[in-house]
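After this come two complexes, each holding chain A, first together with chain B and then together with chain C.
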Partner chain A sequence: MKLEDVKVAVLRIEGTNCEQESYDAFKRLGAYPEFVHLKQLLGIDCNKDEKRDVFGFQCLMIPGGFSAGDYIRGGAIFAARIKSKLQKSLESFVKQEYPILGVCNGFQVLIELGLLPGIDTVMSDVPQACLNINDSDRFECRPTLLKHENNGKCIFTSKIPNGDVRLIPSAHAEGKLLFPLERQEKILDELEKNDQVVFRYVDPDGNYAGYPWNPNGSPGNIAGICNDLGNVFGLMPHPERTFYRHQHPDWTQSGLDDNVGDGREVFESVLDYICKRF
Partner chain B sequence: MDIDRLFKKRKDSSFNFYNVDLFSANDEELQAISNEMGLALALAEMQRTKEYFQKKNRLPTYIELQALGQAWSEHCCYKSSKVPLKKYIYGIKEDKIIAREDAGIVEFDKDHYYCAALESHNHPSAVEPYGGAATGVGGIVRDIVCMGGRPIAYVDPLFFGLLDYPFDKLPKGVKHPRFLFKGVVDGIRDYGNRIGVPTLSGQVYFHEGYTGNCLVNVGCIGIMKKEEMIHSRAKAPGNIYIYVGGKTGRDGIHGVTFASAELTDDSEESSRSAVQVGDPITKEPVIHCTLECNRKGLLEGLKDFGGGGLSCVCGELAYDAGFGAEIHLDKVPLKEEGLAPWEIWISESQERMMFLVAPENVKKVLHICKQWDVTAVEIGKVIDEQITRVFFKGEKILELDLDFFTGGPVYDCSIRPYTILDAKKLEQKEKMFDQPDLNNVLKNLLASPNIASKEWVIRQYDHEVQGNTVIKPLQGKLDYESHGDATVIKPLEDSFKGLAVTANINPRFMERDQYWGACSAIDETCRNLVAVGAKPDSLCDCLNFGNPEKPEKMGEFYEACRGLGDAARVLNLPFMSGNVSFYNESVKTAVPPTPEIMGIGLVEDIRKCVTSDFKKTDNPIYLVGKETEKEMGGSEYYSIMNTDGGIVPKTDIKLLKNCMEGILSVIEKEFIASCHDVSEGGIGVCISEMAIGGNIGANINLSKINKDLRSDFKLFSESNTRWIIEVKKDKVKEFEKILDSFKTPYVKIGQTKKANLLIKDNDCKIIDQKINTLLDVWKNAIWNIMG
Partner chain C sequence: MYEVKVKIGLKKGISDPEGKNTLKALHLLGFKNVKEVKTIRTIDLMIDGRNKGEVQKSVEQMCQRLLTNPVIHNYEIKIKEK
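Presenting the complex of A and B:
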């Protein structure tokens, strides 16, 4: 399909707050994003012309923020509201190989929905992982460097060469990716074996490093993972915040060149996939 | 004194409803009524009220007196500050200001305005730091939204006592500065991050004078299309009042009167209920639906609930348009049952907005609010007479002429006398001492909490949400970032035009010399903006002072206003918005006079912005601007040397103007690689920060700087109007030529080098430090205390 026909739903509820820059990322590349309040998908409190169907879109994006305040667990309430009515639709959306992207709070929502890690199943009934409070016990807003380690499964990073290090900044208080402790090692191995690990935190020399380069203490320095099908991708750092070079924290040192930022190819990759696949 | 007999219960009423018998009260009893009801009104104001009701030939109701207490509080009607503000601050380049209501509005480009506001939330934060600071942040964002602005930046200047203050010396009822610092930062973080507005700038300052009364100032900036600007006034009688957002509760009752008195040792007990409770997740959708209704042209007027609650909002919306209001209090959504009507009327519960809507649009507005799950209720209408009438369960409980209600008192110097202290006294105390080892001094300065890295704070705030922060609060090479002078955002998707923001005051200058301290604040604000390549465009002030009833405190206020006005007038910089906070005193002492200044500058093309970190080795380094003088009064150097006296830096605004033009021109032409303003800690700290940010050293020689000065004064003097600039190696001639043409003084003092910072004065080596050593002491100082 043509790029300008690709419709992307940027989902939001109260407390979602990175929707504008997420919308802009798709828009700048020529796609057709739309802000969609969850109630429009659920058909609550809206007029006929305001109702939306998941299958009216080729891509769902759950942006960052503090949905519903995140007073319980990051993303838990947003996920519960989605699941209440849309579980079946989402499951078949993913099975039909439409992509879903979750950034920061969106990643938390995908975990709570059971769409990630998605190792043996498309959507688990209960969450199989959690994004726990950072080791520092603090909100961390800082530049993070992500090494791309996916070997081709993740459709959101197809344009990023394997081994490339990208500056994609983080801003979260709950980003430590944990699995049931007794199975943690096994699951991490499995993720790696299945090519579901997409990004790991590294230091400026490209080495795996502890705090602050790994801002939350995630085991294995994992910053982002995809499901087994490669079409659901969640990550804590914000690719929409380095769409342009002028958004980088050190651009006055490095210069702007053509003003392409390190996060842009995440959006280019998924749009490229949609255009080819559908 | 028993004044119970003066409160007369109305027998005909279905609820508890009192008249207050002012007529039979003598002066002493009038004052006692004011105290008993928490009105904070002076005797003259009570007498004036009595006369008003005598003319009306009826006793006032309890709620009417409460409403007057709010409307006439220092916080709401600026009674002590109006005269000096009018004399000095107003009237500068007024034609630039499009509107000055809850926020000021100024043009951004041909299609857009920006708006900004800065205010204090001091007393609530001193009693309950987390909630106080959070609601401060929540309140200021409403000031932006109610002008039609989309909030794009927070600015949070904070002032605390010393972090290592001994616990056993803390006065009763005073919380430790470390507790306050952490609580305030937590509050700003949890609220600001949740509503998705980046916290871009601010100031964190520690000084013993803030021990009993910390200062929490909050600023917010917004942007709007020109046609989206909306005013805080009705358009026509018949406009419907729609109450939107959070419910009303007992929190925040008497907030404004609490803010208009000194803190005491039992403020914790007595005033806790004056602190509101913030809820960002109610607020966030309120912002969305307010802006959506406004964008769709459904609103006639818009105002946020601030100090004084419903009482002030309803009256002002109507009165400013020459109309009146009829309000039905029983329709107001409540957090809990059993609130008395007067509590509903003056509660300052958070997250509330008032829409004025034409009757035909009410349904559409309610639908939009419903979609965002935001409470919205019709509670009254605009009427033709200039009167506020309030009903509860069908009974009229308040009827006040609006010109009386909003015509609060104004105090001139006959009621608020002032005395101006002689700054010379402190100057004379300056003692001579031998020059110490400057390597140690430099390291001590870099570790001084007022200079040390504020990373501990900055990284807890999301300063990148919205994706528009192009020059961040921490600048430079990854892992070596140091403080920038100003933060720059690019607020529009399809334009490279930028908006720069900074916030400054030097309390040590201010406590010594209010006039030159205020001038220095304007100077530093301009220096900061110019350093990134922004042309200063407007100012906001938040004037934090002591008790205005004390003549010496009022004198400080006059002198500060005079300084701000004198400096801003020469620069043609208008004060677009402002706030006055008096009574910043506690059991211990008053705070140093603190007129916080937020400056906004415009950048034509953000791609030309300059940061403070050194970029390349072998680039020449210049000191640009005013001659360095021995102006050590209030300097960080004297503070860590435990010595006092000396003169506070003066400023020559005309020279500042030349320098600003010169530097903006060399930035525009892309001749320079980095630029940093010289302020606390002088040249020594300035160059260290530039070196830290770029992880690049420098060879400096101070010999060409004011030859009459000793090396330590050259290095650490905080004389105004100075910048350190790293010039691109191949642009030196052009650079000097441009500065000459703008009559901007400069002197070459060295060049960037690898690894070490080496400073000589003539042949004498005074500083030789590894960058990593400087980085460690500077970066870790606050982390080590706060963990």
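Presenting the complex of A and C:
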């Protein structure tokens, strides 16, 4: 399909706050994004002409923020509301290989929804992982360096060479990716074997270095993972916040073209996938 | 009507940064006798139901589906008839 026909739903409820940059990223690349309140997909408290169907879009994006005030846990209430009516539709959306992106709070939603890690199943009934409070017990907000470690499964990073490091800012208090403790090592191995690890936090030399380079204490320095199909991707850092080079702290010194922000390729990759696949 | 208290804590081995941070602050305030701080959340619910068993079952479901994340939490349910 043509790029200008690619419809992207940028989902929101009360408390999401990164929808504008997320919308802009898709818009500036020539796609057709739309802000969609969850009520419009659920078909409640909205006019007939405002109702939307998940399958009217080729991509869903759950942006960052503090949805529903982060009550209970980050993303838990957003996920519960989605599950209340859209569980089957979402499962089928993913099975039909349409992509879903979750950034920061959106990643928490994907975990709570059971769409990630998605190792043996497309969508689990109860969460199989958790994004827990950062080890520092603080909101960690600064540029972070991510090493791309995916070997081709994740459709959101196909344009980023394996091993390349990208500067993508983090801003979260709950980003430590945990799996059931007794099986954690096994699951981490499995994720790696399945090519589901996408980004890991590194220091400026490209080494795994722990805190503060890893802002939350995630085991294995994991910053982002995809499901087994490669079409659901969640990461804590915000690629939409370094879409342009002028959003980088060193942009005046780098001398690089303003159009090549480090987060841009995430959006380019998924749009490229959609245009080729559908 | 039943009054339900759901006590949600962290599973053994899961780090509790909030507890550790509170412990540190208590030590700074001079409470050197504090050896451990654990953060626990309690959620109170008032629930209609035919009997205790039915209420128990329904609260278990709530814990699985929203109130806890089974990866890191364990929970205890206390039910009192009102």
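Note that in this section the second predicted complex is superposed on the first by the 275 of 278 C-alpha atoms of A that agree within 3 Å, B and C clash if a C-alpha of one lies under 4 Å from a C-alpha of the other, contacts with A are read in each partner's own complex, and residues count from 1 in each chain.
In this section, a contact is a pair of C-beta atoms (placed from the backbone, for glycine too) under 8 Å apart; a residue touches a chain by one contact, two chains touch by 3 or more.
These numbers were taken from a predicted model, which means no experiment stands behind them.
Of the two partner chains placed around the shared chain by superposition, chain B is the only one that A:Cys141 touches, whereas chain C remains out of contact. Number of chain A residues touched is higher for B, counting chain B against chain C. Chain A uses no single residue to touch chain B in one structure and chain C in the other.
Those residues of chain A that touch chain C in the shared complex are 72-73, 76-77, 80, 83, 112, 126-130, 132-137, 178-181, 217. By the touch rule above, chain A contacts chain B in their complex via residues 14-15, 17-18, 20-21, 24, 37, 39, 45-47, 50, 64-66, 68-71, 138-143, 145, 167, 169, 171, 204, 238, 240-241, 243, 246-247, 249-253, 256, 259.
Across the interface of their complex, chain A is touched by residues 189, 193-196, 280-281, 284-285, 367, 370-373, 458-472, 474-479, 481, 490, 493, 606-607, 609-611, 613, 615, 674, 694 of chain B. Listing the residues of chain C that touch chain A in their complex gives 11, 13-15, 17-18, 20-21, 64-67, 69-72.
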